[in-house]
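Following this line, the structures themselves.
You will see two complexes here that share chain A, one where it goes with chain B and one where it goes with chain C.
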Partner chain A sequence: MERVAVIGSSMTQFGQRDEWVLELLSEAGLACLDDAGVGAADVDHLYVSNMASGEFEGQTGIMNALAQDIDATPAYTQRVDQTSSSGGAGIYAAWQSVASGASEMTLLVGGEKMTHRTTGEATDVIASLTHPVEYKHGVTLPSFAGLTARHYLDRFDAPRESLGKVAVKNHKNGVDNPHAQFRKEVDLETVLESPIVADPLRLYDFCPITDGSAALLLCPESVAQEYTDEYAVITGIDGATDTHVVHEREDPTVMGGVVESGEGAYEMSGREPDDIDVAELHDMFTILEFLQMEGLGFAEQGEAWELVEEGETERDGELPINTSGGLKSKGHPLGASGVAQGVEIYEQLVGEAGARQVEADVGLCCNVGGFGNCVITTIMEAAQ
Partner chain B sequence: MTMDAYRYEDGTISYPGHPRGPDGAEPVETIDLSEFTAEVVTWTTSTATPPGVREPNHLAIVEFTIEGESVRAIGQVTTGEIGVGDEVRPVYADELREPGAGIREPASQEWDGYRFEPV
Partner chain C sequence: MERVAVIGSSMTQFGQRDEWVLELLSEAGLACLDDAGVGAADVDHLYVSNMASGEFEGQTGIMNALAQDIDATPAYTQRVDQTSSSGGAGIYAAWQSVASGASEMTLLVGGEKMTHRTTGEATDVIASLTHPVEYKHGVTLPSFAGLTARHYLDRFDAPRESLGKVAVKNHKNGVDNPHAQFRKEVDLETVLESPIVADPLRLYDFCPITDGSAALLLCPESVAQEYTDEYAVITGIDGATDTHVVHEREDPTVMGGVVESGEGAYEMSGREPDDIDVAELHDMFTILEFLQMEGLGFAEQGEAWELVEEGETERDGELPINTSGGLKSKGHPLGASGVAQGVEIYEQLVGEAGARQVEADVGLCCNVGGFGNCVITTIMEAAQ
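Now for the complex of A and B:
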């Protein structure tokens, strides 16, 4: 099986945008093709990662509409929905399309338009992924985070401040990302005194509601070499599913989907946690960064907070995490987020990350759907 | 109204019930959890609630022990005066959130159920 390369990327401005979802998707899709110097007519497969354009906007069939808008017909198109991990699932689908030999050029575009809805409405669209016994009690994704954070802090005797430091770090990284929703540092005091959203978590422990789109272009490595010497290779990728009902998990601080998909990606790539130079983790809530660090083997269970306290996950630390600013500062347009994680890792590996650049040959991204319900872990490496 | 958990042929219990349990085990009976007390595993108070949900919304994950077998449930709590390890009992509420105010089709599920009240 030939290796699958990434040869182009793009990302729109994330934040509150006037454009609707199809316009956002077109902007990112065309920019990605332009970045790689590939024509739309050369695209065999087009995947669109999106969670809820029907619910947010009343617009369905967006993969077909996008294909026409960017002149990619008659490419095969498919919309990929895996809630918040739609973007990662899109990377997996795009990788499969190339690895299987079905496509020699696959464009993946993720996007979501959310900010025209109130916070309550957007929260409800996202919470609609919950089981009926959860939904009728008004359980939301932020409330899962509050429940889990309290358990984690109590059980592992972790200081509340350590979660706040995740927010401080990711906001600091976002300052250097020109596409980020928030490009403003916050201090720990501001985080810890912000309004309570889901006790013990506060406003700055949560990502914002965001509009935006991101794209990646994938092809066989032999085709990549016809276009460029600067590309990345997806050497490991896997997806896994945990229980739909969150309280049924044996250990509330372990996300089985993270562990399983991580192990699959490590095995496929032949890599280990120590080999990872840079990682993008799904920090929809600060507590998730701890759970993924532990599930992916970057820290022992209950000890991720210590690495954050020691500065190991800062941009100049041993393992920089969320150099893009993460979902926390960059924003979280559901279907785009997993793709945007891939964009950051790709740019780090090919040396296009600008002020955010770190030394990296191997990168990892972990995209989480629901509250750990579905997870995709991807390992990318710079072309050798 | 009952708060039905499933016991599977391997002895495990889940709430809610599923057509298949661990290792494909089939359900063999229902257990009404509303007849038992439970212990609070963790809790939160949510202030950013969706349409039709009370604000603030006190929530807890609790653990029942039924004949030596543990089963957890999630639900609203009657008060914010709650702590990890507290004993609670289920108390019936005829409407936990307003049907139709949110995105989910009102007829697709039940809207009554049990809140947890400290004993």
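Now for the complex of A and C:
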């Protein structure tokens, strides 16, 4: 089977935007086509990763609206929802559309418009993705994060500061991302003294609520070569669920979906953790960066915090993680986030990451839905 | 590339149900696995076709909940939304998952729970799938249907009765479908004297609001043969959009998405309209059955009504259409409908259609999103 290539990328400014989701999707979609030099008329399939435009805006059918808005009609459209991992699921859907032969040119656009709603309203929508026995009793995603962080720190004798250093690192990276919501460094003291949200986690351990959109363009490798020599190839991709009821998991520090999807992506690509040069992990909460580092084999269980303490995940470290600034500083417009992870890895691989550029031939991104309820891991490589 | 087979099917009772959507999805999903003799642990990918569980129930993430509920964890999950054609889009997604090699066993479950909301509330959610310039000015899907029906009858000199006969036929077929919402015949007089909804269309020209779920199980043909000799193969499938703003279309009697997706499915399968032995069309409104018959090449433009008048689309006619009872009598739980179309065609091809059984080796289903905003056409054949 022919390999699936990525030949274009884009993301809008993330943050508080005045535009509605359709305008954000159009902005990213058109910029992505422009980046690749591909016309909208050449798009066969158009996937929109979006969790909740109906709940947030009272507007559905946005994938069909987008097709007309960017002049891609009669392209086939579909909305991909996998809650907070809708973007990663979009990469998987787009990959399948090309790998199956159904499409020779697939545009994936992820986006969400959230900041016009109050934090309470947004939290209500997000909480509805978890099991009713949990959220109706007040156990939301942040509270899971707090419980898990406390357990992790106690069990593995990890210092509270190590979690704070994830936030410090990702904010530092975000300064060099022109599209990030927060382009400002924060020091460890600021993180550790910010207001408590879910003990022991504080405000700076959490990603913000964000508007934004991101896009990727996928096609068979032979088609990619008609447009460019500078492209990337998706060599491994897989997704997996864990229990939907979080408290039924055997070990709260192991996200089964991370482990399973990672193993699938490694096997498919023939790669192993040591081969990964750069990674984007789903740092919705700082503790999640530890759990993914361990679940993906970058560190032994209970030891991810040591790598962070040693600076190995910094931009100049052994394995740079979240060079984009991560969800922490870049922002987390639900449906866009997984696509934006792919955008960062793609841009690192083709040398378009600007001030954030690291040396990388093989990259990985891991997009987490809910509290690991479903996870998608993608391995991308620079074309040889 | 290996062909993609369908080896199991199920649908719940359609109608007014007391269960929530997750319970309906579980009922259909488990029955489908049981029908095929496949264990939940063997499911690699699980797709849920659903338009609006968030809007209707305040519950999202239902694909992850379903994975746990039917014991399919760690299967990969994704929710497929293509508005009222979410079911057809689910068939396409499931087909792609198998054809791409990503999955060796894909369970597709479509479902919607709607009847707990008032007709006004349900209509508001459905209207949000159309372009805001339309629905915010009161041009909803039923009003498009009325306008189109009036135009069609005038332009092609078709009798009003011919539309009524679509309703009569589909109700007659529905009597033999144990899962249909309305198992009762209606006579032409009843249809023609029912209350006006969108002139010239009356109550009996419209499908009802419905709760229900339907499921299909897909796998590579070589895997199918490990389980059964009685299976079907998807030989053609394609989807396409038309303008999202309906009034921008050149000819209101031509749904571009029907034509484009039909051509794609015919080309892929090597079939032509004459080869089709049985078809399920999206009769959300009676006029749509005419438009699809013409768009798919079963009749010349403006002549579909003649075939209906001549009885050629009856169960004992040349091309039986909507042997299931169609959306008209079976009901239209948005995300389930396209899957249920596939269920009927599959059951006709493998000889499991009971009292509705016709002779068929090749079947087609056409699932229409919005007012033709996106359409998916699938051609299925009995395994040779």
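Annotations
By definition in this document, the second predicted complex is superposed on the first by the 384 of 384 C-alpha atoms of A that agree within 3 Å, B and C clash if a C-alpha of one lies under 4 Å from a C-alpha of the other, contacts with A are read in each partner's own complex, and residues count from 1 in each chain.
Operating definition for what follows: a residue touches a chain if its C-beta (ideal position, glycine included) is under 8 Å from a C-beta of that chain, and two chains touch if they have at least 3 such contacts.
Source: prediction; values computed, not measured.
Of the two partner chains placed around the shared chain by superposition, neither chain B nor chain C is touched by A:Met105. Judged by the touch definition given at the top, the superposed model places A:Met63 against chain C, while chain B stays out of reach.
Once the two complexes are overlaid on the shared chain, A:Val125 sits against chain B and chain C alike. More residues of chain A are touched by C (comparison of chain B with chain C). In the superposition on chain A, A:Glu55 makes contact with both chain B and chain C.
By the touch criterion stated above, A:Pro195 is placed in contact with chain B alone, chain C being left untouched. Within the superposed three-chain model, A:Met1 lies in touch with chain C and out of touch with chain B [touch as defined at top]. In the superposition on chain A, contact of A:Pro74 is made with chain C only, not with chain B. Look at A:Asn373: by the touch rule set out above, it reaches chain C but stays clear of chain B. In the overlay built on the shared chain, the residue A:Asp242 is in contact with chain C alone; chain B does not reach it. Put simply, chain A uses residues 55, 125, 128, 131-132, 245 to touch chain B in one complex and chain C in the other. Residues 1, 51-52, 54-55, 58-61, 63-65, 67-69, 72-83, 89, 92-93, 95-97, 99-102, 125, 128-132, 237-245, 256-257, 260-261, 369-370, 373-374, 376 of chain C are the ones that touch chain A when the two sit in their complex. Across the interface of their complex, chain B is touched by residues 55, 119-121, 123-125, 127-128, 131-140, 142-143, 146-148, 150-151, 154, 195-201, 245-248, 252 of chain A. Residues of chain B that touch chain A in their complex: 14-16, 41-54, 57, 59-61, 72-76, 84, 96-97, 102-104, 108-111, 113.
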